[in-house]
């Protein structure tokens, strides 16, 4: 991996003019053709492409030049980078770093200070119009964006400068895609998602806290293979990964349908692996591939570990009324509100009733006695 | 406003507002009915009215056979709708969770395929009810805005709820938000419309059952 | 607002109570009350839908007795009761409602629609919007003592004939008698057999009874026209006589609304419980039967059915008594398909028989009963209400049917075991 090397990618790449194909690079790294084909099949399946596409994909990928990627980290926690790099199956998911030339990345690059910023400028220059900007973290815009700066520049300015000549922007993680934690109420920094700032370039959202590493790899493979962006949903997410809900693909779904629920984290239901809806599971409202692709090399996913889905790949998941409150439950203090409303209603009803009674006794007081003399007149 | 903001709004402040109007409205209407009172009845009762009143509260749920023969559509569609609607409303676990939050207690639910079926039944019955209302000379003659509005207010939560459950038309959060919004609309207008019959019908049945019962007639 | 409308609205306000409010709050316009109303079923005209007949009362309820209605009327959004509205509703409230109470029996939300019609009539008459026939009847009832203008002289004449024919003595103004017997005008004028039957049965039963010269009339036009002020005066005559003669029980005759007037409305009209029992003649006869004081012999051989008078049965609660009594004297008794508390009205109750303008309508309404009769094909039709009897006879004559209508009490008297045979 590049991090093992002393020279930063971009600097090396730009300096050495490394234009070897991906195939050549992989061969040099000792990755067999067979292993590469297998990985291509895996990515193709993740992207919901037919199996017949895998060899073509492998061939395309092998011929492709490494994609220049500039990774901008703003208001983030590095969890997304951790997710990508600390995969349990490095030989496979690490390949992502072979697909790309990661020309700028705070956490991973060796260079620092002015040298690092220099690398970014060089990459932008060398791959003008072709490079991809990956962003993790949200962008603070309040008070001129002063709440997060790098090398004296606000995130806002860096983003604008870097995306100007980019081919596409990939917002990695829920902070970049939807604002995430920084945007959560009360959003002191005025954080906004990337899509709100970049409007003249295609933006792919790969939300999640963190996102599934395979999603990132597959999307890049798609871009490298076909030269176009994958199909996106209304929230800018690749449909192949975010097309279905966690709930619909959850192995605990039959318990939901049968009406078998864990009522607490340590009851019989929880031990039997029943549905976690009542414990606040956001699976029904969450579009993600956790239940199928799973985490840690396909080991499991949160629900399998006995914890409700937090809905981390959905916009505003921090402010959905509490992680442990069922989706159908109102977020306010409704029991108290109902009691107070009932009390107030009874008082108002009694007041109205008093008015009605007054009307009625007035009517009684004004009673007109019907007499036969009167009947004969009319 | 994003779909999620919308959902958060409908689950949060808007629900609170709807709940206040619903509960306070119900209380006002109930109390103002009861406060009107009834005159003491000096006639010698043939038997106690209380038990008869209680019985009639439930017995009127079943139609007299002649009524069933003369107006089968009204009776059957009305029945199917009420059963389907109540099953969907009261026995769907996510709904029970909502009731639990408001009332402080819950109850067991039913499997979702049954709820799904009940919801579809209720909707089909509602369409039949509407067509019946438009075609039956008496119902068409009687009906106005005050009759069609409650129909719509009741149908919207059913259809949106069904769409949420099956994840159709809109992404889940948006559809769920719409569903909750439709319910809030129902709650807000409930005390001002004929939807009130949900509760007052039992009061009405009691009064009539007790009055008939005093005379020795089981109604 | 004209004085008339003001009076009507005021009366509506006096009448509306918690039950009225619950009823109006509950109606969802399902239309099932129409399916229980013979005026709708036989004409097919939706305007005869029972709940629709209550629109004036409903308006006053909404604008005066609901908070939201009050607010709406403050800004002029509440529909008002007008003189024209009341005029238009006169036919719906009087001509096309026999107060039979069948709608109240089937309403799925439990509305006592008939009970509300009764209340609504209070406002209609306060505004003067009542049929002339009923006004005349009320006036005669108050001034002459009977809605049909029957005087004490006529009653005495009937008693004279009866005593001459049978040799029995008809007790009049006997203090301390156990029973005070009332009659309806119809019985005095058209069905003298009733009084004879009473005399014979009571003699056989060994029961002491009397007629009151100042309270022989049981009918109460005030109930029919909906004027409690008039109804109260008429009931008070009976109460005064009963109290003066110190009777234990006052017997309402074979007349529907007279029973309702005395038994159920009476104490409320005078605002206190009666110091005596109010019973229908069939209840008393059934007591005699149970005590073995009423014994019969022989049976009617004809196929016989019973028309339930609404006010006695559905709205009176005298349901099983007539059937037990019929069983004493009938071998071939058949019930009509809807009977007892689900019977169908003859079409002329609730004052309809006294409304000239309703003549054609009440005969149309009779067709419901005709269908019921055609289904069982009885050879004799028995009932226990003189008003039903007149309507049934007229209706059958109009439609070319020929079934004799008989009263239950007189039929029992015909089969009475004579005291001699009873002893033996």
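Note that the chains are named A, B and C in the order they appear, and that numbering of residues resets to 1 at the start of each chain.
Keep this in mind: a contact is a pair of C-beta atoms (placed from the backbone, for glycine too) under 8 Å apart; a residue touches a chain by one contact, two chains touch by 3 or more.
This is a predicted model, so every value here is computed, not measured.
Novice: If you tally contacting C-beta pairs, which pair wins, A-C or B-C?
Specialist: Per the contact counts, B-C leads.
Novice: Which chain is most central here if centres come from C-alpha coordinates alone?
Specialist: That would be chain B.
Novice: Could you give the separation in Å between the centres of subunit A and subunit B, each centre being the mean of its C-alpha atoms?
Specialist: A distance of 40 Å separates the two centres.
Novice: Can you check how far apart subunit A and subunit C are, centre to centre, with Cα atoms defining each centre and the answer in Å?
Specialist: Result: the chain centres lie 77 Å from each other.
Novice: How far is the middle of subunit B from the middle of subunit C, if each middle is the mean of its Cα atoms, in Å?
Specialist: That gives a centre separation of 38 Å.
Novice: Quick one: which residues in subunit B touch 2 or more of the other chains?
Specialist: In subunit B, the residues touching two or more other chains are 28-29, 32, 34-37.
Novice: Residue numbers in subunit A touching 2 or more other chains?
Specialist: As it turns out, subunit A has residues touching two or more other chains at 348-349, 352, 356, 360.
Novice: Please output the residue numbers of subunit C that touch at least 2 other chains, ranges allowed.
Specialist: In subunit C, 16, 65-67 touch at least two other chains.
Novice: Provide the residue numbers of subunit C that touch subunit B in the complex, in ascending order.
Specialist: So the residues of subunit C touching subunit B come out as 16-23, 25-32, 34-36, 40-41, 44, 46-47, 49, 51-52, 65-68, 104-112, 115, 263-268, 270-274, 277-278, 314-319, 338, 341-342.
Novice: Show me the residue ranges of subunit B that touch subunit A in the complex, using the header's touch definition.
Specialist: Touch residues, subunit B against subunit A: 2-5, 7-8, 11-13, 15-16, 19-32, 34-37, 93-95, 97-98, 100-104, 108-113, 167, 171-173, 176.
Novice: Please name which positions on subunit A make contact with subunit C in the complex.
Specialist: The touching residues are 348-349, 352, 355-356, 359-360, 362-364, 366-372, 374-376, 378.
Novice: Quick one: in the complex, what on subunit C touches subunit A?
Specialist: Its residues touching subunit A are 7, 10-11, 13-14, 16, 64-67, 70, 125-126, 128, 130, 135, 138-139, 142-143, 225, 227-230.
Novice: Along subunit A, where are the residues that touch subunit B in the complex?
Specialist: Touching subunit B: residues 233-235, 245, 248, 256-259, 261, 277-278, 284-285, 287, 314-317, 319-321, 326-332, 334-335, 337-338, 340-342, 344-346, 348-350, 352-354, 356-357, 360 of subunit A.
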